[in-house]
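Okay, got some structures for you below.
Heads up, the next two complexes both have subunit A, just with different partners, subunit B and then subunit C.
Up next is the complex of A and B:
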């Protein structure tokens, strides 16, 4: 090979990968990068419809922080995130432990547990709304059948708190499959002979879980926890579909993502909508930074 | 037989009984878990085929002797038929774009020495975590300016970007499992890079490509926020947005809603049965939106 051919080949090796990466990078830059910068820019302006109005600096942010409805929506978003993340993590862990118990039929049960993963979010949200219907819902019937008469004809969607309980149930149900399957994989990596030895020494199942299984599962659990938090914080579909009108009754189920959408597309104030979007981004950026750091520690 | 022996015997029997009770309880819990997982599906499908008079009963009916498919024929001949088609076009378009671009990028990341390779890979994951709500407002105005509102192309482009990062990660994972000797041998034999990719790598990475295609399809098929913002014309709506139309001020048409939800859920359920073996690898990547 001549010197020229070698240098040409070297040049090719440098350029080809960037050509291959180009479609991915360009489309992400156009669809995510550019709009993200625009959102930040818009948040510093008055929103005139969806047009960029006059420069207002941090006014939108100040209004956002001092607005009672936004404060309530922020607290609600944090609470809903906490409840759904903790609820789904605990439920998924219990389910993973049962699936790992070695009882007959666990292979079949694993398939059943995965099933809700296949239910589209909007379908599932509507289904849960139907199940919690005040008059004909199967949940009220079941609760009354157990003697809880107060639930006979109980209107779950008449108050914000009870509506959020239903939304949380729907979100937790949807989250469990992915978490349970990932935790099951982690449980399977716990060395069986150590568990066996501990049991022979008289350790209870709970001690084994606390002292042996959970420490082994820790890295996986941490990553799942962070991922679940990121997803829960940006939940939109369930609230939008289940509450009537979205965020109602009387603003009592509004969360950040919904408020962002309403500000921009219903109240036509893109400036305020963008400021809210940046607030969501800021929270998620902190959580994501934490995730990347944890990932790096794992791989090291 | 000594007293010690019989006492030990009793102790073992008590332990055995305790374990049997424990297993019984565990079995009960397992049945409960199965029910909670499956019942919603059963209830959705059952409601969709019940006659109207059996849907609205104070004591729920858990079986029907009078099933009807009339809601399916009515819906599929109406607007929903068109909306199923819209969803399919958008999801198929986004899947093809995401997988093709993802394959090229994954090939670059797994077979070339690139500076800042790991930074790019992590950046892709971080991008994946940006919520759609952060980009939807400017994207809407930009689409309006260039005429991409109420077009398939507009939503396909947006959904492609949503699914792309995961697509790259999944395919890259499968590519790194294929020995580089194989494509180097092809290169030595005179094939060019493109031929090596198409004839050697692609067939071997097919399972990974299939999994990422299905994940991309489900991402797009499920997506509500961007689709309903960009497609507001009735004839262009996709299923997640269209499902809203069953609820009005006067209440909800539950039979119709459950029928449309079943139609909407069916393709995804079929896909899940097909890929259940690969789900764990998707879970391992850990970036599945859900």
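Up next is the complex of A and C:
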């Protein structure tokens, strides 16, 4: 091979990968890069309906972090995320353990568990709202039938806290199928002989779960945890559909995604809406970085 | 800066349209197409609208109508995008609270209707919704308003007369709640999530939502009258407990459902909601009475008029044909088929008269809605009003008061500041 041929080969090795990646990179730049830059640019301007208003620098960000309603919405978003992620992970694990138990009828039960996944979230939210209706809801009827008289005519949507409880229940319900099925798959990968050996050594079912099953499932659990967190942070549809006005009563169920929507599309203030979107982006970027790092550690 | 962009975009689309139009015209009969957007009235009523369009086509050989039914939560966005992109329809049936916004953008063509003539022919509040700086930008099309709906049987057993003032409503409702509360019946159906229940009370108490000063609107929800009106309504829940606590969150659909289930003795309902109540509970027909709304301390019973206007967009290539179509659509005989279907009234006084004498509103249960239509007002015609409504600020304020912990002065001052800010942007 001549010197020229070697240097040409080197050049090809350098250029060809870039050429191959170019279509994807252009697509990413168009569908992610441009909206991101544009959102950031808008966040530095006053919002004026469809038009970009005057340059205001960091004013939107300053207003955002000093505004009491936004602070409350941020805390609420974090709390709702924590409750729904932990709640759905624990519930999904319990269900996955049952589905993996090998008892008769588990195949049918698996199909039933998946069903809520097939339900459009908005329809499900409307049904949950009905179920928790103060006058005609099945939940109040059941609770008072069990002797809890305080729930007779109880208005779940009268206060922010109880309304968020209902929203959390609806979100957890919607999350469980995917998590349970993914955990079931992880459980199936736990080697049966190790479990059997532990049992022979006298380990209890709980010890087996804690010491053998969960460590084997860990990589999957980490991925699920991060995905569930990202998804929970973006929760919007349930609150939009279930509360009156969206985020009410009196701002008490407003979360970041909803505030972003209200600023951008109700107040038509694209500047503030974009600033809020950047805040969500920053938080999720941290979570995603954590995910990438954990994944790298797992694969090492 | 963006305005000239909009202009260029509009001009470009205009030029392109003209080019396309020319190419279509050459060799053919010179047919022009009118794009029409109409709020989707449901599959049963779509043929009614389609017939109005085909009638027009049959008398105008050179016009072809391209009718599109629009609807859903993003309808407003669809219009905004179409205008920004320079490709709006020629003719649209547009909600009356949106008309000032699009007129102020310069998107709408002036209607061939002078203000004086409009005021003689149509419900005043609907003309207000289509008027900007003395010019009319739309033909009022249909109107829907609320009236006072009550259960005759329950009022009779409690020995209560139909209230004529809001004070009498409170007294009657307390008696009705006391007598029928054991059956789960609320004396008065409160709806904290529906601004049209309590915002008009500001007028009844002698206040204004906002006043026009020069070219701009100034919010006046911090006036003593507005504060008294909101306080009165909230206390019906916090002090008198005339409705279930949950009614702080009730929207119109919840209030309608509660009345249909026989759980409300009196309430404020629109004609189309009464229609829905009767469809859900036909057995209530003989037990229901309807009257005009009670009056407030200021002596008026004005309420809000909802409805729509027929508008022509400036970007339309064939404005004359579009105007002719609007005149045709606004003929009472062409409106009534639609309004009867949705349980509303035509916005023309002649149409209301016709409906009240021989049409669907001749029924004593519906006639008062036509009388009340003449006592309606329009929300501040500020292009930003949509923002005020969409943000939920008014509902949040009422819910704060209904929560029983907020102070009236600070709540209303805060609401006023929010509306003022929305007007300013």
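Some notes on this structure:
Note that in this section the second predicted complex is superposed on the first by the 263 of 300 C-alpha atoms of A that agree within 3 Å, B and C clash if a C-alpha of one lies under 4 Å from a C-alpha of the other, contacts with A are read in each partner's own complex, and residues count from 1 in each chain.
The working rule: a contact is a pair of C-beta atoms (placed from the backbone, for glycine too) under 8 Å apart; a residue touches a chain by one contact, two chains touch by 3 or more.
Quick caveat, the model's predicted, so the values are computed rather than measured.
Once both complexes are superposed on subunit A, the partners subunit B and subunit C clash. In the superposition on chain A, A:95 makes contact with subunit B only, not with subunit C. Contacts of A:135 after superposition on the shared chain: both subunit B and subunit C are touched. Note on subunit A: of its two partners subunit C and subunit B, the one contacting more of its residues is B. Applying the stated contact rule after C-alpha superposition, one finds that A:269 touches subunit C and leaves subunit B untouched. In the superposed model, A:281 makes contact with subunit B only, not with subunit C.
In the superposition on chain A, contact is made by A:155 with subunit C only, not with subunit B. By the touch criterion stated above, A:244 is placed in contact with subunit B and with subunit C alike.
Within the superposed three-chain model, A:48 lies in touch with subunit C and out of touch with subunit B [touch as defined at top].
Across the two superposed structures, the residue set of subunit A contacted by subunit B and also by subunit C is 50-51, 133, 135-136, 244, 265. Touching subunit A in their complex are the following residues of subunit B: 23, 26-27, 29-30, 33-34, 36-38, 40-41, 43-44, 47, 55-60, 97, 100-102, 104-105, 107-109, 111-114, 120, 122, 124-127, 129-142, 144, 157-158, 160-161, 164-165, 168, 193, 221-222, 224-225, 229, 239-240, 243-244, 247, 252, 254, 257-258, 261-262, 264-265, 268-269, 271-272, 276, 279-280, 283-284, 286-290.
Of all residues in subunit A, those touching subunit B in their complex are 13, 16-18, 20-21, 23-25, 27-28, 30-32, 34-36, 38-39, 42, 50-51, 94-95, 98, 101, 103, 105-106, 109, 111-124, 126-131, 133, 135-136, 138, 141, 173-175, 177-178, 181-182, 185, 223-224, 227, 230-231, 233-234, 236-237, 240-241, 244, 257, 260-261, 264-265, 270, 273-274, 277-278, 280-281, 284, 288, 291-292, 295. Looking at the complex, you find that subunit A touches subunit C at residues 46-52, 133-136, 153, 155, 157-159, 243-251, 262, 265-269.
Note for the complex: subunit C touches subunit A at residues 2-3, 77, 80, 84, 184, 192-193, 244-246, 248-251, 258, 261, 263, 387, 390-392, 395-397, 399-400, 402-403, 406, 422, 425.
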